[in-house]
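What follows is a set of structures for review.
Look at the two complexes coming up: subunit A is in both, with subunit B in one and subunit C in the other.
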Partner chain A sequence: MKLILKKRHRREKWFKRTGQMSLYLVLFFLGVIFMEIFSTGYSAFLRTEIAGGSAPQDLLNAFEQYTNQKKSWSIASDAVDMYYKHGKLGKLTSNQLDTINSLKENGQIRLSFNWAFFTHSDSREPELAGIWGGLLGSILTLLVTFTTAFPLGIGTALYLEEFAPKNRLTHLLEANINNLAAVPSILFGLLGLVIFIHFMGLPRPSALVGGLTLGLMSLPVIIVATRAALSSVPSTLKESALGLGATPLQVLFHHVIPSALPGIMTGLILSLARALGETAPLLMIGMVAFIGNPPSSFLDPATVLPVQIFNWSRSPEMGFVENTSGAILILLLLLALLNGIAIFIRKKYET
Partner chain B sequence: MRSLWLERFVRCFFFLCALGAVIVTIGIVVSLIGEAFRFFARVSLFDFLFGLTWAPRVLPTGEAVGFGAIPLFTGTALITLIAMLIAIPCGTMVAIYLSEYAPTKIRQTVKPLLEILAGIPTLVYGFFAATTLAPLLRNIAETFHLTIASESAINAGLVMGIMILPYMTSLCEDALHRLPLSLREGSMGLGATSSETIMRVLLPAAFPNLMAAFLLSLSRAIGETMIVVMAAGLAANLSFNPLQAVTTVTVQIVNLLTGDQEFDNAKTLAAFGLGFVLFILTLILNILALYGIKKYKRIHG
Partner chain C sequence: MKIEGMRIKKRPYSKTLNLSLLFVLFIQDIQAISPLHIVGSSAVFPFAASVAEHFGHKSRTPIPLIESIGTGAGIKLFCGSTKGPDGVITSRAMTTGEINVCKNQGIHFEEFKIGQDGLVLIQNKQEVPFSLTLSDLRKALSEKILEQKKCIPNPTKTWNDIQNTFPNIPIRVLGPAPTSGTYDVLIEKMGTDCASLLRHDGAYIEAPANENLIIQKALNATSTIGIITFSFYEQNWDRLRAVPINNILPSVSTIQQGRYPLSRPLYLYIRTDNIQNTPARIEYALEFMSQDAIGKEGYLNAKGLIPLSLSEQEKMRQRAFLLQQMVNP
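Presenting the complex of A and B:
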């Protein structure tokens, strides 16, 4: 009897420990992924520069070779950058290596903060490429998403939750929207391609088309989140307002919406975060093309940050690996910011 | 009187919004079906669904050949299977630990963390798979004298498993935590240990909701695009060897549409054929997860 009990207790201990171990294992793997991206990415924020006049032309960036001879520090080429930061030899000749080492001894080569990474647009040369074009494209795209999907989504949620008669049609509509929220995002890309480009003939890789496509994708998510927020408003609130003589419209705008607002806001921000990180549907509508200038209007050819990251990740140059990681870090930072705002709103209005 | 008019107007406005949402749904179905039908006018449905070679091209005679999608389906199945083999046991165990054993403090920190992690763009995981895990796997395979493709199914599957974990864990944890306390108390009152309570009482009780969590994760894994685009490759091998390169439905959709092709090409239309299959497949999984479970509960619950 005692033996059996002991066995059962041992099994209990093992079970608990397995659970604990799997939690730590999962957190460990996720941690490894982010550490890896951080450790390759942070060096994208630094760039190697060589003191003006002291460097031979072949060590400088091609653009700098011809223009900025008088500058006190010039941008080094990709190969020099990789060697100085990570000790990777690449295609450097032994002659060039000697030159770099003597520059190093004389203090004529340095690392400085890579502002170009934030202010430049995409470039074929990793030492000149920056995220500004993609970032601006993302902002314009999300602006379109924001202005189309939000009113439509909130309106639909309000209709379903407050006005819709409880009949078969409404039920079908609800089922439809729940399903739509779980459809793979790539299919929304196909939809955007057919409707906005093939059918409506809007300019192809523009922020407008990207934003509308992402709007289609966010719509069901926004509806589901808004409905959840609306249905969590206690019915006593509505009933007491109605009892005091408020019209249904007054109840809605003076009581229901204000008290559901934090929940609605949280849902909106999280759907925006999802749209910010989305890549696949935008590949479908041709945003994958190389674009060297930041877009100046909604109709200009544009790319977005995740797509630019995808493009960089496919480039063969070594310098683009750290650029990719660096841009991912920026993307994650933006997402963390959005999530932080959502958590802040939820915490503040929870009570 | 004025307020009555306003009321009608507002109601009408909200109805129009809802109508917009319906139009979007119908738009997806119609555009997919429309384009898919144009594709099936050129390549027969039977050849597409049961053909064994995927090498899409249009002959000079105008005949479209090589549109057999079986290698894509098996590739998708293989990668999803690997992902699920990782995600289901790990996700369930973590959910059990979080819901039943973990101190409140750990639960309250890990739960929101999981929700944030579930929102990380899959592009990030894809980049990790392509640049870090692929060389690592090659080194491991070499020490065992195995040959592994640089873009292997196991690479994509492993990372997809890790990608799906936070999402699945969060859903499973909800399913377990929502069970009434009386179930636990009753079982423990009869002398069962915690693990016995979990295995014999809680898991069976939460089974429909756990199945729903698995199905939703499965549907997400099948529709996942960026990880497989970056880590799984384009070679349409009909193989179940996880060390070989395989391709998936989503990879081929991206591949067929990211060139500069005109619209009436059979190759571009094929993307819609694939999209249609993907839509039907995920639709079935979602309906099963969202409604089939409800029915099961009504019968057994």
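Presenting the complex of A and C:
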């Protein structure tokens, strides 16, 4: 008898330990990834500046020559930036190195906070490249995604869950929607390319097409999440309301939707978060492009933050390595924010 | 009660939404100054984008949009319809077939050679130095090789199998995937006896179109050779060693003179029909061909473009000037 009990305890302990171990392992990997991104990315938020007029043109940013106004500090070129921050020699000649070292001795070179990283759009010069264009593109794209996928998704889910007859056809539809939710996202890119660009002739790399494509992608996810939230509303609630004489529509809008709202909102925000981090379908519709101007309308050429990260990671200049990591940090922050909002809504309305 | 409360409460909609709604109303205006649209090769993409940026800063017009979708796909889009892009950048000349497709669509264009590019075989500096010939490369990388007048699957396993002076290490080469123009150039340059494919048995590893990745892998894995383009080699030369091909090391001068075997020309094609209404196309080409860009101390050289010879540069510049005179006689 005692032996069996001991065995059981041992098993329990063993199970607990394995669970703990896997948790620690996951945390370890996560920590390593974060450390890696942070340690390469933090320097993207700093930039090297040289006191105005003290250095030859070839040490400065290539676009400084087009601005006539005298500045007290001008932006250094990416080669100087890399040397000053990390000691990487790159293509600097020995003459240039001497100049930089003498600037250092005279205190005419400094590191300052890189505001341009947040206010500039994409650039081929790493020291000028910023995330503003990508961020604005992401916001516009998500707005389109939200305005198309939200009403369509909620409407479909409400109809299927509350009004549609339960027959062969609706079962088939249901299975298909569940399937679509798991389809690789690049296929939605192909669909968007054929429908929105080839057939409807919308402008090629625009926030409108990107948003519609991502809307197609998040539609099944929203439908599935909304239906799950609706079906978790206890039937006693509906029946008692019906018993008191409410019409089905009243039951839906006064009781079912309010109590399913936290679930619906959570599903919606999570699917938007997925759309925010998505690249693959956007590759198909031509959003992988160099776009130097931030978009000013839904039809302007636009790119999104993840695509910008993808573009930077393919660039030859060494300065883009830290820019890539810096932009990943911002994207992670945004995703954490969205997920935080989802948790907040769930917690606030759950009771 | 609750519903009434909802009705009174005004929704403070976001500033962006407000702005974007406003902008939608003025779409007509915005489309009038829509930027140039250039598509094509990922090898020319960094240069075209750099020119676009300088062009935008100089002329204070919207920065042209450069899309990197590969040479073949770019030409298809360019020649596909008259509403297509304004120009295409390629890592090879257009074929006669492609030119005919374009002409049939009523699309006229001008060809500009913008410079040269080289494929560089790289290895880690700690490795045994290599020196290869094009025929060594063919023997090492072809899927099938000719032996006694028959095509057989490539039997070579180590570099030693190819020449007995080579070290006895397995062949492992990381290079471009078949979708890229670089892959075509590699096969064209090394020539094939049998099929026009590189081997699939693990000796040649197709890397996605990310040359930074190839560099990382070549640096970290032992006895691995990577194939990258010259601009990436130039940015990372202090960590990498280039493998000489036919005893010639890749450098600006050897590629410019055409002595380095794995080099190729890069092109820009600009549409010239209806040019009176789209002067920006010519201005972009002019900027691309200017002394500032592809000249001796030009900003494209700093980005790793290997410039044309002086006489060729002059020829291209003349071509752009002639086009401009057609617009403003």
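The rule is short, and it goes like this: the second predicted complex is superposed on the first by the 325 of 351 C-alpha atoms of A that agree within 3 Å, B and C clash if a C-alpha of one lies under 4 Å from a C-alpha of the other, contacts with A are read in each partner's own complex, and residues count from 1 in each chain.
FYI, contacts are C-beta pairs under 8 Å (C-beta built on N, C-alpha and C of every residue); 3 or more make two chains touch, one makes a residue touch a chain.
These numbers come from a predicted model, not from an experiment.
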item	value
Room on subunit A for both subunit B and subunit C (clash or fit)	clash
Of subunit C and subunit B, partner touching more subunit A residues	B
First (subunit B), second (subunit C), both or neither touched by A:Leu272	neither
Partner chain in contact with A:Val288 - subunit B first, subunit C second, else both or neither	both
Which of subunit B and subunit C A:Ala76 touches, first, second, both or neither	neither
Contacts of A:Leu46 with subunit B and subunit C, given as first, second, both or neither	neither
Touched partner set for A:Leu89, first subunit B, second subunit C, both or neither	second
First, second, both or neither for A:Leu332, with subunit B first and subunit C second	first
First, second, both or neither for A:Ser313, with subunit B first and subunit C second	both
Of the stretches 254-262, 272-280 or 290-298 belonging to subunit B, the one that collides with subunit C	254-262
On subunit A, positions contacted by subunit B and by subunit C	286, 288, 313, 321
Subunit B contact footprint on subunit A (complex, rising order)	8-9, 11-12, 15-16, 18-20, 22-23, 25-27, 29-30, 33, 36-37, 40, 151-156, 158-160, 162-164, 173, 175-180, 182-188, 190-191, 193-195, 198, 216, 219-220, 223, 247-249, 270, 273-274, 277-280, 283-284, 286, 288, 306, 309-310, 313, 321, 324-325, 328, 331-332, 335-336, 339, 343
Subunit A - residues contacting subunit C, complex	62-63, 66, 88-91, 123-125, 136, 139-140, 143, 204-205, 286, 288-293, 296-301, 313-318, 321
Subunit B residues within the subunit A interface of the complex	3, 6-7, 10-11, 13-18, 20-22, 24-25, 27-28, 31-32, 34-35, 89-90, 93-94, 96-98, 100-102, 110, 112, 116-117, 119-128, 130-132, 162, 165-166, 169, 193-196, 198, 216, 219-220, 222-226, 229-230, 250, 253-254, 257-258, 263, 271-272, 275, 278-279, 282-283, 286-287, 289-291
For the subunit C and subunit A complex, residues of the former touching the latter	16-17, 20, 23-24, 26-27, 30-31, 34-35, 37, 42, 45-46, 48-50, 52-54, 56-58, 62-69, 209-212, 231-232, 234-238, 299, 302-304
